[in-house]
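Got a structure for you, written out below as structure tokens; questions coming shortly.
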Amino acid sequence: MAEELAKTANHSTTEDTALRRATDMPLLRIEGVTKRFGNFTAVNALSLDVRAGEFFALLGPSGCGKTTLLRMLAGFETPDEGRVLLAGRDIAQVMPHERPVNMMFQNYALFPHLSVRDNIAFGLRRAGMARGEIATRVAEMVALVKLEGLEKRKPDQLSGGQRQRVALARSLARRPQVLLLDEPLAALDKKLRESTQAELMELQRRLGMTFIIVTHDQEEAMTMASRIGVMDAGRLAQVATPRDLYEAPASRWVAEFVGDVNLFEGQVISREQGRLKVTTREAGIITVAEPHQPVTKEIVTVAIRPEKIKLSRRGLASAVDALQAINRFEGEVAEINYLGGLTAYRIRLDNGAVVRSVMANTARLDVDGYGSSERVAAWFAPDDGVVLEQ
Amino acid sequence: MARTVNRLSRFNMTALALGLAFLYLPIVILVIFSFNASRLVNVWGGWSLRWYIEFFNDRAMLQAAWMSLRVAAVSATLATLLGTLAAIGLARGERFAGRALFSGMLYSPLVMPEVISGLSLLLLFVALNAERGFWTVTIAHTTLTMCFVTVVVQSRLTSLDRSLEEAAMDLGCNPVKAFLMVTLPLIIPAIVAAWMLAFTLSLDDLVIASFTTGPGSATLPIRIYSEVRLGVKPEINAICTLFIALITVLIVLASFASKLSSSQGESAAPL
Amino acid sequence: MSTRRIFARPARYAAIAPYLWMALFFLVPFGIVVKISLSQTAIAQPPYTPVFELGEGWEAFKAAFEQLSLDNFRLLVSDNLYILSYLRSLVVAVTSTLILLVIGYPIAYGMARLPQRWQGIAMILVIVPFWTSFLIRIYAWINILQHDGLLNRILLALHLVSEPVAWLSTDTAMYIGIVYSYLPFMILPLYATLAKMDRALLEAAEDLGASPLKAFWLVTFPLSLPGVGAGILLCFIPIVGEFVIPDLLAGSNSLMIGQTLWLEFFTNKDWPVASAVAIALLVLLVPPLVLYDRLQRRQVEGGR
């Protein structure tokens, strides 16, 4: 059984892709999957499609169910409800060793008693591959992850980065239809993590394989993934491209979870010419562009990313003042945090509210920086505000 | 201030040194006197191997030693097999009917006074009308020592990273194969240590063997015990020294084995 | 189903053989002891009136059940011999456990304060004697304590005594033997708690003005209490049932309960009474065992 699957997995990229294109079926379809542990519902009626060749990231805070979902795809947990369709076949109840998917573990789970070569060959041997073929494939994998010369080492004789590569090679060796990666870079230091991210993306593109990665690090998800599913309390809060996730969050929760944000809650008082006027407690009346989907609720939240809130010195360029008359608030600089490439300001508005603004430090000399307690005007364009109904 | 700290640590050192001296001196004295040429146990008459020769000519003693070694080897092997299986059941079996009884049965003998274990097993053998001798002692020792094996192997199994077994399954092993190919090689040092423990416990036991053995098949501790009751004999010193040497060799071998396996396996594999 | 459950089924099959083994060689014998403790002495071999024959069915079982008697236990309560040995076991166990604590604590403390790499060696040094036969360890002391033994020679040479002291067959000899044999059992749990204690706690105590001794008494000692408890119970429980050490080293005028059991069984051939003594001994051990179990559990939970 396992052997057959491994063999089909080898051809999957050509034949199956054609088949799928014909039926327009995603490679992986998760349908209403629920998983409970006692009273705790880890994954709650979750549905998701992942297309072949995607680099998909499951992002969420710890305990949101992302790892449980990944483990269900690997077969280490069985869903209580729902279906998991891989290339059209329901694999929800299939044992892990009979699935054409492989997993790269968070702690790598390298077999400490086996050499690098034997670790990589482990899955191939189980699939009953011929000896010569195994040797070729192992050599190919070793070259792929640049571990030449270390084949005979044991895991405890490797550095963290090298171990990570062995784990990757081992899980790729069987050419799975889907590669699952559970926090694959969490154990690496920052520098190594960044270079490894680039390598993983390059590898995925080259192999044309489907990767599903679980991470709690949004920067990592944004950098690598073509699409991100943000999970919260066992459900998908939003599935979108990194850009949409940031610029068009679907909910207040997503807006706050991904990146930094200023939120203003208020009541819609008018809509005209594609503009929405909202009266807020913190910032008075603000004007934002009406979203594509018409707003149905009266009470909404307006989200503005800090870098979209611009600052200007009071009294300067009064000609522009007219332009900026909407969404313009006066206040004084309450806090300055110099972060290298950026400087983050907290502005206390005259009506008491605090807004955050981030400005790029485009010049080496601090010429347009603002001083502490300096009077400033903070403003943003109507297009930069996002209206959230939940 | 610094002086008080120093004085404290001098106190520590003294306590430690005295403690270790207390633990080792009697054994060292025993070993030295086993090489005494004099018949008088406490009068030094020069170095000699006389009492070792005496032992190797003492048929009854040799027979008892042979019996003890056989019992220890067979019971340790049986106990390691059964105890490892029990440890697997407890560490990987999750909840099952009768689990509490099972672990209770395995943990009670660890603290049960030997007189009770010995008595109860003898009563069983009498009830079964079994001929008492090699096999009854072996069974009794297997029963006692497999509990120790279970504890040792179970603690290793529970400390093992479960994701290794998951990785094995992910790469195409069914559960049994995953256990044999990944888990078993990693717990071998613990199993070896457990065998050693079982072996020495069996060699050491006097009380349970006294209850469960039959006429004509005394173990070495039973022989030594009956000799000791009659007084100190230099020959006993020689036997004890050989005994200690055997155990020392076994310990060295085991720690060597665990070091060997830890260099190719996980580093944390305590004896 | 999860991985745990996938593994559970074959693991349970593995447990079948040891389960049956323990049922046959632990549970059944234990039942027989209970049964015989409730039956009457007979001169026959085996020296007790037969237990029920399994072949005779329920009626025989009922008849046998009616024959059960508490006579043996009544004897235990009425005869001074048993009560005295019961009490002596308790006294010996309590006394030697206290001596062990007093001797073992400084040693464990000294070990815990050693540099890290010496700690492992010290621990091995404490464990190794445990691997040598315990009969040998007692025998080693007989060598030293006998009439013309090393101890008397040293004492005579130093003119501390004028004539050899009779050490053997005294309680002193027995206590030396017990302390010697059980010292590792006291040291190891104490060391375990002392070694994992954060040294910064002591520094904090001294920083806040406690003298080293005060810091020890106010910080180290209270925090080592779980280890003290474990050490006490690990020594107390087996010492209560001890047979060989009192038999070889103590005098024969008062017996510990293990010796009484041995005597009833091997010398008096009174199996029912021996069984009753065994049950009584077990009853004595139940409270410390329960205590130990609780302590272990709390340790496990506290560690999380």
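When the chains are written out, they are named A, B and C in that same order, and each has its own residue count from 1.
Simple rule for what comes next: a residue touches a chain if its C-beta (ideal position, glycine included) is under 8 Å from a C-beta of that chain, and two chains touch if they have at least 3 such contacts.
Treat the numbers as computed from the prediction; the structure is a model and nothing was measured.
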{"item": "Central subunit by CA centre of mass proxy", "value": "B"}
{"item": "Pair sharing more residue contacts (C-beta pairs) when A-B is set against A-C", "value": "A-B"}
{"item": "Of all other chains, the one whose Cα centre sits farthest from chain C", "value": "A"}
{"item": "Centre-of-Cα separation between chain C and chain B, whole angstrom", "value": "17"}
{"item": "Centre-of-Cα separation between chain B and chain A, whole angstrom", "value": "55"}
{"item": "Whole-Å gap between the CA centroids of chain A and chain C", "value": "59"}
{"item": "Junction residues of chain C, two or more chains touched", "value": "3, 6"}
{"item": "Where chain A touches two or more other chains, by residue", "value": "76, 95-96"}
{"item": "For chain B, residues that touch 2 or more chains besides their own", "value": "166, 169"}
{"item": "Contacting residues of chain A [partner chain B, same complex]", "value": "2, 6, 74-76, 95-97, 102-103, 105-107, 109-113, 122-123, 126-127, 154, 156, 170-171, 174"}
{"item": "Chain C partner contacts - residues on chain B that touch it in the complex", "value": "4-5, 8-9, 11-13, 15-16, 18-20, 22-24, 26-27, 29-30, 33, 40-42, 82-83, 85-86, 88-94, 96, 98, 102, 105-106, 108-109, 111-116, 119-121, 123-124, 126-127, 139-140, 142-143, 146, 150, 162, 165-166, 169, 175-176, 179, 200, 203-204, 206-207, 211, 221, 224-225, 228-229, 231-232, 236-237, 240, 243-244, 247, 251"}
{"item": "In the complex, chain A residues that touch chain C", "value": "71, 76-78, 93, 95-96"}
{"item": "Chain C to chain B touching residues, read off their complex", "value": "3-12, 14-15, 17-19, 21-23, 25-30, 32-33, 36, 46, 51, 103-104, 106-107, 109-111, 113-114, 122, 125-126, 128-129, 131-144, 146, 148-150, 153, 180, 183-184, 187, 211-212, 237-238, 240-244, 248, 258, 261-262, 265, 271, 274-275, 278, 281-282, 285, 289, 292"}
{"item": "List of chain B residues in touch with chain A within their complex", "value": "161, 163-164, 166-174, 177-178, 181-182, 185-186, 261, 264-267"}
